[in-house]
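Each of the two complexes below includes chain A, the first together with chain B, the second together with chain C.
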Partner chain A sequence: MNTIYALFPVLIIVAASLLVMILEVFLKREDRSYLAYISLLFLIAAAAGCVKFWDKGYSYFDGNLSLSNLSLFFCFILIIATFLVILISMKYLTLQNANYGEYYVLLLFALSGMIIMVSSSDLIVIFLGLEVLSLSSYALAGLRREDEKSNEAAVKYFLLGSFASAFLVFGIAFLYGATQATAIPSIVEGLQSGSSFGTLGLVGLGLVVIGFGFKVAVVPFHMWTPDVYQGAPTPITAFFSVGPKAVGFAVLLRIFIPYFKDALESQLMFGLLWIIAAITMIAGNLIALRQTNVKRILAYSSIAHAGYLMVAILAQDTQSLVFYLTAYLFMNIGAFAAVIALGKKDHEYLELEDYKGIGFRYPWIGATFAVFLISLAGFPPTGGFLAKFYVFSAAVRQGLVSLVIIGVLASLVSVFYYLRIIIYMYMKEPSYDVEINIDNPSLFLALFLCLYGVLQLGIFPGNILVLISQAVAALPF
Partner chain B sequence: MIPLNYFLVLSIILFALGAIAFFVKRDLITQFMAIEIMFNAANLAFLAFAKSAGSLDGQIIVFFVITVAAAEAAVGLAIILLIFRQKKTIKSEDIKLMKG
Partner chain C sequence: MAHFLFFLLAIICIASVLGMIISKDQAYTALFLIVAFVCMGGLFGLLEAPFIAAVQIIIYAGAIMILFIFVVMMINLRKGVGPEKKKWTMYFAVVIAAVLVVELVLTLKGTLEPISSAALESLGSPTDLGRLLFTKYLYPFEITSILIIAALVGAIVLVKKRDKE
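For the complex of A and B:
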């Protein structure tokens, strides 16, 4: 149905960020936490909107912005991700001297960009949404202006991010030339009809894969990831590891799952993505083995997870992909929340050495962190296990047996570095005292919510699966 | 009329030059300019395709891309300025606190 209500989720997020931007001027530095509460309220309103529009199929701008169930589901999990990120950053910002009012503004702008990306099927609108997201992200990465690492992260993210955007635009130009269209369904149709512009279209598609490959951090295009993840403020790292990845895959699935339906035309691209998925899983997990900084370990782990998600694209199974993203959101933000919990004024504990004996000194933080790591490694009864299981079984059904073998072996390797953190926490004697600030209610709320999400998805995934299958059933393409 | 292929070849050359310069040059500002050239190569391709197909879409898209490039320049130059204030250098090989 063509109605202006379709704009509601984007508009309310943009309104929230504008309001927060104005209020920031009038609030004293120590009152800035009100900005967080206001942002949270608006996020709840936007989430409520997403729930209310379920099954309505609203669209606007001639269908260029359409809230199909799948878009709404993505909006919903992105809003949850931002909600959790705001919860984990409230105390962090004061402790680490990064309490700038722009923080929430930029975060909300980034969210609005992501919502635009998932609710449009026109590549140009998606590109604009991506830029709204990226520009806010560059600034967020460099938010701790006096910290050299933060600046370094910002400049690396900016240079490689806009380099990737250039590839994306060039790819869109080629696709436009080959098919005379910028809407994804018409592009896919044009490519499958095998016109005389076949090569042009393939080159365009390849460039688009490179562009999005940078954003979701799959292996030949991952080199920015560890540095940016390490240098950016930790809550922002949590945001980067979930948000851009989820939207990147939301776009890739819209392009490639219908495109792969025609197996003959898409053979080349299929092979390309196959190779990307395989080397991403292998390299991501292997390089993670020799990291000693927890943020870098989690960065390489997020690269490896992009590889598993790529397997879901190749298996052409939207349902398992969306489920994986949902589970990944909770376990990854949870893991970063636990890392943030181990911090005090002007200092964060990020080296593996710091984690010695944490499990006994701070049993609650240690135990929840262990659950998230177990989930990331893919053990039952957590969401991470079921997510991997669904992806790999969908891949086997599609006959991608060798890829699944690579994936399973790679995730065996990953068990080593996840468990190493747990071993440090529980089986090593601390060599020095780790003092942390535990007066942090919002962070513990976030930890609890993530723990609930991981266990709910691992033990009773039924409700979510029903929702996801409803979302996938109404696919517009 | 100049054939479409000429424009395409020019835009591919421009894009390749930009990409090569991005990797070869060791100066943040020059690297950023290389990216701008890549964006403009894409603009040229859009215009060529739009002209040859006689559709307006491509020409309008170029406006969006120009706007985005301008916005990126604003954020990017601010970040590079911050780096310069802190390290007194904009050579990319001097920016290597994190590795591995």
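For the complex of A and C:
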């Protein structure tokens, strides 16, 4: 239905960020946490909107903006992700000397960009949404201005991100040249009809894959990830590891799942993505073995997870992809929340050495962190296990046995570095005291919510699976 | 008249690009580049694409050039650092230039006949572009406003002075 209500989720997020921007001027430095509460309220309103629009199929601007169930589901999990990120950053910002009101403004702008991306199937709109997301992200990465690493992260992200955007625009231009369309369904149709511009279209698709491959951090476009993840403020790292990845895959899914339906036309791209998926899983996990900084370990782990998600795209199984992204959201933000919990004024504990004996000194943080790591490694009874199980079984059904074997072997390797953190936490004697600030209620709320999410998805995934299958039922988008 | 203007602009354009490459002084290089951009704008105007002509002058000769000059000023690079002269870069450049020439010839082949003015009539007229921008492309156009404000906020937060603790 064509109605202006379809604008509600985007508009409310933009309104929230503008309001926060204005209020920031009038609030004293100590009162900045009100900005967080206001943002959270608006996020709840936007989430409620998403729930209310379920099954309504609202659209506007001639379908440039269309809230299909799948779009709404993505909007919803992105809003949850931002909600959790704001919860884990409230105290962090004062502790780590980065208490700018603009933090929330930029975070909400990034969210609005992501919502724009997932609720459209027009590549121009998607590109603009991606730019809104990226520009806010560059600034967020460099928010700790006194910190050299944070500056390095911002510059690196900005330079490489601009390159990736350029590749993406170039690809969109090629696709337009080949199919005279910017809407994804017409592009896919045009490519499958086997026009004389076949090569042009393939080049375009390849460039689009490079552009998004950068954003979702798959090998070989992952070089920026560890440095940016390490340098950015930790809550922002949590955000980067979930948000851009989810929207990147949401767009890749819209393009490639219909495109792969025609196996003959898409052989080349299929092979290309197959190779990307395989080397991402292998390289991500192997390099993670050598890291000693927890943020870097999690960075490489997120690269490896992008590989598993790519397997879901190749298996042409939207349901398992969406489930994986949902589970990944909770376990990854949870893991970063636990890392943030281990911090005090002007200092964060990020080296593996710091984690010796944490499990006994701070039993709750240690235990929840261990659960998230187990989930990331893919053990039952957590969401991470089921997510991997669904993706790999969908891939086997699709006949991608060798890719699944690579995936399973790679995740066996990953068990080593996840368990290594747990071993440090529980089986090593601390050589020095780790003092942390535990007066941080919002962070513990976030930890609890993530723990709940991981276990709910792992033990009773039924409700979520029903929702996802409803969302996917409306295909093609 | 049109022919005369075309050759005039083309010659000035090529001359200033040559000047830009040959000149050692960074500031002169930038100025030559402006002249080249303005001539390009004029050429677009001759092709009855007034909007592109205006954009060429406003954005390239205006905004982008100012950025160039700012950078030249800030890093105080009056005398440019000469590029490292290696044999293989030279050969590489020759190969790429040859490829470009071939590409140009292939593109021009068959398109050299004068294009009928009927085809040109509505090419990039500001009215049509404006109408498209506010109808078909309204949503992307509005998103651009969010994009700009996000960029502004991001830039300001990274450079503004810190308030006292």
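By definition in this document, the second predicted complex is superposed on the first by the 475 of 477 C-alpha atoms of A that agree within 3 Å, B and C clash if a C-alpha of one lies under 4 Å from a C-alpha of the other, contacts with A are read in each partner's own complex, and residues count from 1 in each chain.
By definition in this document, a contact is a pair of C-beta atoms (placed from the backbone, for glycine too) under 8 Å apart; a residue touches a chain by one contact, two chains touch by 3 or more.
The shown structure was predicted, so the numbers you read here are calculated from the model rather than taken from an experiment.
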- Task: Quick one: classify A:L465 as touching chain B (first), chain C (second), both or neither.
- Result: neither
- Message: Quick check on the superposed pair: does A:S162 touch chain B, chain C, both, or neither? Answer first, second, both or neither.
- Response: first
- Item | Touching partner for A:I116 - first (chain B), second (chain C), both, neither | second
- Task: In the overlay, answer first, second, both or neither for which of chain B and chain C A:R29 touches.
- Result: second
- Item | First, second, both or neither for A:L286, with chain B first and chain C second | neither
- Which partner does A:R296 contact after superposing on A: first (chain B), second (chain C), both, neither? first
- Message: Going by the contact rule set out at the top, does A:D62 touch chain B (first), chain C (second), both, or neither?
- Response: second
- Query: So, does A:D227 touch the first partner chain B, the second partner chain C, both, or neither?
  - Reply: first
- Query: Looking at the overlay, does A:Q180 come into contact with chain B only (first), chain C only (second), both, or neither?
  - Reply: first
- Query: On chain A, what residues does chain B touch that chain C touches as well?
  - Reply: 124, 128, 131, 135, 138-139, 142, 145, 154
- Name, in rising order, each residue of chain C that touches chain A in their complex. 136-140, 143-144, 146-147, 149-151, 153-158, 162-163
- Message: Which residues of chain A touch chain C once you look at their complex with the stated criterion?
- Response: 14, 21, 29, 60-62, 64-65, 100, 102, 105-106, 109-110, 112-113, 116, 120, 122, 124-125, 128-129, 131-132, 135-136, 138-140, 142-143, 145, 154
- Quick one: which bits of chain A touch chain B in the complex? Just the residue numbers, please. 124, 127-128, 131, 135, 138-139, 142, 145, 148-149, 151-156, 158-159, 162-163, 165-167, 169-170, 172-174, 176-177, 180, 182, 226-227, 230-231, 290-291, 296
- Task: Report the residues of chain B in contact with chain A in the complex, numbered from low to high.
- Result: 8, 11, 15, 18-19, 22, 28, 31-32, 35, 38-39, 41-42, 45-46, 48-49, 53, 55, 57-58, 61, 64-65, 68, 71-72, 75-76, 79-80, 82-83, 86-87, 92, 95, 97-100
